[in-house]
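Only one structure is covered here, and it is reproduced in the block below.
Chains here go by letter, A, B and C, matching the order in which they are written, and residues are numbered from 1 within each.
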Amino acid sequence: MMAPEAPARTPSAKPAQLAEPVLEIRGLCVDYGYGADAVSAVVDCDLVLRRGEVMGLAGESGSGKSTLAMAAIRLLRSPGVITAGEVLFHSRPFSEEGPRGTIDMLAANDSVLRTVRWSEISVVLQSALNALNPVITIGAQFDDLLRVHRPSFSNRDRWNRSAELLDMVGMTADRLRSYPHELSGGMCQRAMIAMALALEPQVILLDEPTTALDVVTQREILEELMGLRDQLGFAALFITHDLSLLVELADEIAVMYAGRVMERAPAASLFHAPRLPYTYGLLNCFPPMHGPRRPMEGIPGSPPDLRVLPTGCAFHPRCRWAMERCRQERPVLRPLGGPNREVACWLHAGDATIPRELAHPEPPAAAGRPAATGPARAARARR
Amino acid sequence: MRLLLRRLSFYVIAAWVALTISFFLPRVMPGNPVQEAISRATQSGVCNLECVNAIRLELGFGVHTSIWVQYLQFWGNLFHGDLGSSWTQGNQPVATLIAQYLPWTIGLLGAATVISFVLGTLIGIVMGWLRGSWLDWLMPVATLFQAIPYFLLALVLTMFFGETAHMLHLLPSSGGYDVYTVAPGMNWPYLWSIVTHAVLPAATVVLASMAGFILGMRNQMITTMDEDFVLVARAKGLPRRRVVWYAARNAMLPSVSNFSIAISLVVAGQLLVELVFNYPGIGYHLFKAVEDLDYVLVQGIFLVIVVVVLVANLLADLVYVLIDPRARQEAAG
Amino acid sequence: MTAGAATTRTETPLAAAGLQPPPSVLRSRGLRVPRSPKVIAGLAILAVFVVIAVIGPVIAPYSPNETGIYCRTACSGARAAAAWLQTIVVHPAEQVCNAAGTVCFNSPAVLAFLPKPPSGAHWLGTTVFAQDVWSQLLVSTRATLLVGFIAGAIATALSVLVGVTAGYLGGNADEGLSLLSNVFLAIPGLPLLIVLASYVPSAGANVIVIALIVAVTGWAYGARVLRAQTLSLRNRDFVEAARVSGEGRMRIIVVEVLPNLLPIVASTFLFTTLYAVGAYVALAFLGLAGAPNASPAGLWNWGEMLQQAYPQNAVASGWWWWWLPPGFCIALLGMGLALLNFGIDEFVNPRLRAAGLSRRSARRAGISLRPRLGITPVMHRRATGGRHSATAAVATDAVGSEGAAP
């Protein structure tokens, strides 16, 4: 892991104070298809990604988490259509070039998107082998990227920069001559991460970047990624279905179900004191990487068909604590006691009795990751 | 090299199977056609006793040696370049005759296939990229052209453009060059005559075969554009031409590896086109030979067609190795 | 899902979209396929030809072989002669001499019929042999379709046998069978077909024999596709599970593998039928499928019609009614089969399906942009922008409340 430089390690960080937002998603709605055939994949979602922080986005497949992220940067494939909401990118580029000020991503045209995407917001997709062009070398793919965004670079410069980037993710420069199929899955994903960081973006969207890898490689890559985050100071939206993974690296976690954000909390709070039955189920279907063993429970049933959602709370057919109200009214996200957390669940509204499992006390503040972000932010500010 | 050697040995096997079939066919088929062929040769007056015996030997009719001995002789003759001789063509050796026919066919086939493949691939790329635009109207047109047999298209083109037909009188629609006004040789009138005579047959082959390349490429393009790396290329802000190239380069791979099927169909189609336009290639002469029951010539021409198609396949394999690094690695290993 | 569905569906997106599924998407995937215009068109074309194949010979006004049909309707004596004279050309008698020029005689006047263009009596005119083209066309449909379908069925059966066996068994069996199908794929089909047919001159008299000959040269492609598909199926969980639970090999192939191959098998059938029709017509055009007046008599088919027209110079002479109708039928049938095949392709490969994506549907939905890769369209359903929002919102609300009222 790459440590931040020593002078940056000042104790002046104030974890309680929130960093300024870098990517704001407000009321985003995404449909697949038009008109009568439309299926809503994301409904009325709010997310705020703060500068230098890692936001985790969790949920089962089909919960809309990838759709949300891809739609935010207008990279969602057809028949995806954004039908409502706004996405604001508050740009404060690390380098001299690049757009400044607030950019409305949904109003942006092709040329604006060109200046924002990849240079300020980049993406790492689940399967690197698919994300890399199989018929040209890794080096050529770096070269294509730098040729567009760094027109002043000479051939030599581009090569050196590519080698430097590979070195950053622990690969040797001779890999530039390799084709994707000659590399392992982990290597490909490293190369992809290097490519995503090539232009020093402020935000990086990680769409299940390690799901396709084995556990050991996954571990290595995540540590490297977090090291790079501390070093470079980008903010990350980390999408995964593995909540236990997020707990270790995210500052804040949002849990999605059936296209809606259902719970949002600081990572430690969400992990130690989940308030949503669905979150509780997710936490108990993956073995935690550290900590005491717990019986695995999982969630009965399967994710809902977005075309035929249940009435009321979409999760109620699978919820062991479902009440009559859950079948009829849809809960909305509302603030909850505790620091900066929200949940959409009738159990936490009104006079319902909260089950023991969902009533764990909040963990002591400043535990876990958030403390570590202080120096990183300072390091970035110095640049 | 290993991959290419493997492909080469595969083509050798394919050729062996094809030629073995053509050796056994006259020997196992019910005797009538061969018998009739021989009696027709005998009665023609062109074919003397020696010639008739040669035909008998070639087709294994009324010969008393064992079939395996004949088979060995067949291969022995092949390796000496001896394909027998054709009584309908004044007892000339079949090999000599084919050497005369082949340049016409290869020239027409080569030109038409290259034009058709390149144009069809380009149109397919554009149609795939611009899916949902007005270009989609080309789809039913391409489907129609794909469904029309080559020779039918040849007839339609003759009707519209042929000199002898009544409509536009634009282009010659019969023969390889104008036998009445120009003398073969290295002179401009002759070469020009060849070109004008090739226009209609080549246009037929191009039009008929291009539709397949267009549709195949379009579908591949659409499938490839759904791949992550194209989306990533777009996200990286690469120029549009570069993004299209990313997709097209990958979409072309199946199209090249399926070339063997395409080339078989093109060759088959062109044989009939030659007949319609009286184009003096191997196709035209194959049908004349079939009509005259000149089986020795038929077998010789079949052999040449097999070889031409297999060589075209081998060329496609070479191209594939050049454009797909995965195959290149395998070929080098 | 109850009463609320109808009222909230259209104009209140946020509340309704996620909760109230539009009824159309509830239809199953299986029902969606035939809705594609391609498939409907293909099925319609095929249905028309099948009907003609069945009733064609019955409704044909004349026999396809019958010559001199001009006289059929009560013509006798002078009137008949007049009718004939209109359709003949008398070549002037000319002197014909032998090579040495010693013997000369006057050749008799050659009587040649001119084909008649389409008329009320002959919807598609007549041939140069004074036969009714419409009747020939009707009668020819049956054999053309029969040979196509039978050959397609035989070739598909061969493909399934070879492809699925190779893909499922693997190992040496796979090596051998793959080699066999690849060899047959590499050997050019039509030349082989021509050579085969030239040795079996009587094949044209029998639908089965000619279909067999065509099928032998047309099975290899399907076998290759099916093998690849079987290979990928073999390693799927449900096949693995069946194998582990000790089911027999045949049973797994028939019960687990084959049903999943059905779309590919159907596609193979259509593809080989298309090939077979083309090959049969080509053979007939070359005169290798037996002439109807030969012995044994060949079958009337579209290729045979072309075969008779072409040497009589029908194309150059402008007698389009003689050769264009069979040509058109060939193209139309081919197109019908190809369209159906596209439908199956889109079913198998959903990426090819334009899911509500066409320009038209986009325009109907209110955006004029063609969806472009990498720029997700934004379509604010409630209000588009500052300028229009007020009026648009009012209008929508008005419509919405009116619509909801009853």
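Rule of thumb we're sticking to: a contact is a pair of C-beta atoms (placed from the backbone, for glycine too) under 8 Å apart; a residue touches a chain by one contact, two chains touch by 3 or more.
The structure displayed is predicted, hence computed values, not measured ones.
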{"item": "Chains in simultaneous contact with chain B and chain C", "value": "A"}
{"item": "Centre-most chain [mean C-alpha coordinates]", "value": "C"}
{"item": "Chain whose Cα centroid lies at the greatest distance from that of chain A", "value": "B"}
{"item": "Whole-Å separation of chain centres (CA-atom averages), chain B against chain C", "value": "24"}
{"item": "Length of the line joining the C-alpha centres of chain A and chain C, rounded to whole Å", "value": "51"}
{"item": "Centre distance in Å when chain A and chain B are each reduced to the mean of their C-alpha atoms", "value": "56"}
{"item": "Overlap residues in chain A, where contacts from two or more other chains coincide", "value": "75, 77, 113"}
{"item": "Of all residues in chain B, the ones touching two or more other chains", "value": "226, 231, 234-235"}
{"item": "Set of chain C residues in contact with two or more other chains", "value": "357, 362, 371, 373-374"}
{"item": "Interface residues, chain C side, partner chain B - complex", "value": "179, 182-183, 185-192, 194-196, 198-201, 221, 274, 278, 281-282, 285-288, 306, 310, 315-318, 320, 323, 327, 330-335, 337-339, 342, 345, 349, 351-352, 354, 357-359, 362, 370-371, 373-374"}
{"item": "Residues of chain C touching chain A in the complex", "value": "1, 13-14, 17-19, 21-22, 24-26, 355-357, 361-362, 364-365, 371, 373-382"}
{"item": "Touch list for chain A against partner chain C, complex", "value": "29, 31-40, 43-44, 70-71, 74-84, 106-107, 110, 113, 258-260, 306-309, 311, 314, 330"}
{"item": "Residue ranges of chain B in contact with chain A within the complex", "value": "226-229, 231-239, 242, 246, 249-250, 253, 323-326, 329"}
{"item": "Residues of chain B that touch chain C when the two form their complex", "value": "10-11, 13-14, 17-18, 21-22, 25-26, 29-30, 32-34, 130-134, 136, 140, 143-144, 146-149, 151-152, 155-156, 158-159, 162, 164-167, 173, 219, 222-223, 225-226, 230-231, 234-235, 243, 260-261, 264-265, 267-269, 271-272, 275-276, 286-287, 290-291, 293, 295, 298-299, 301-302, 305-306, 309-310, 313"}
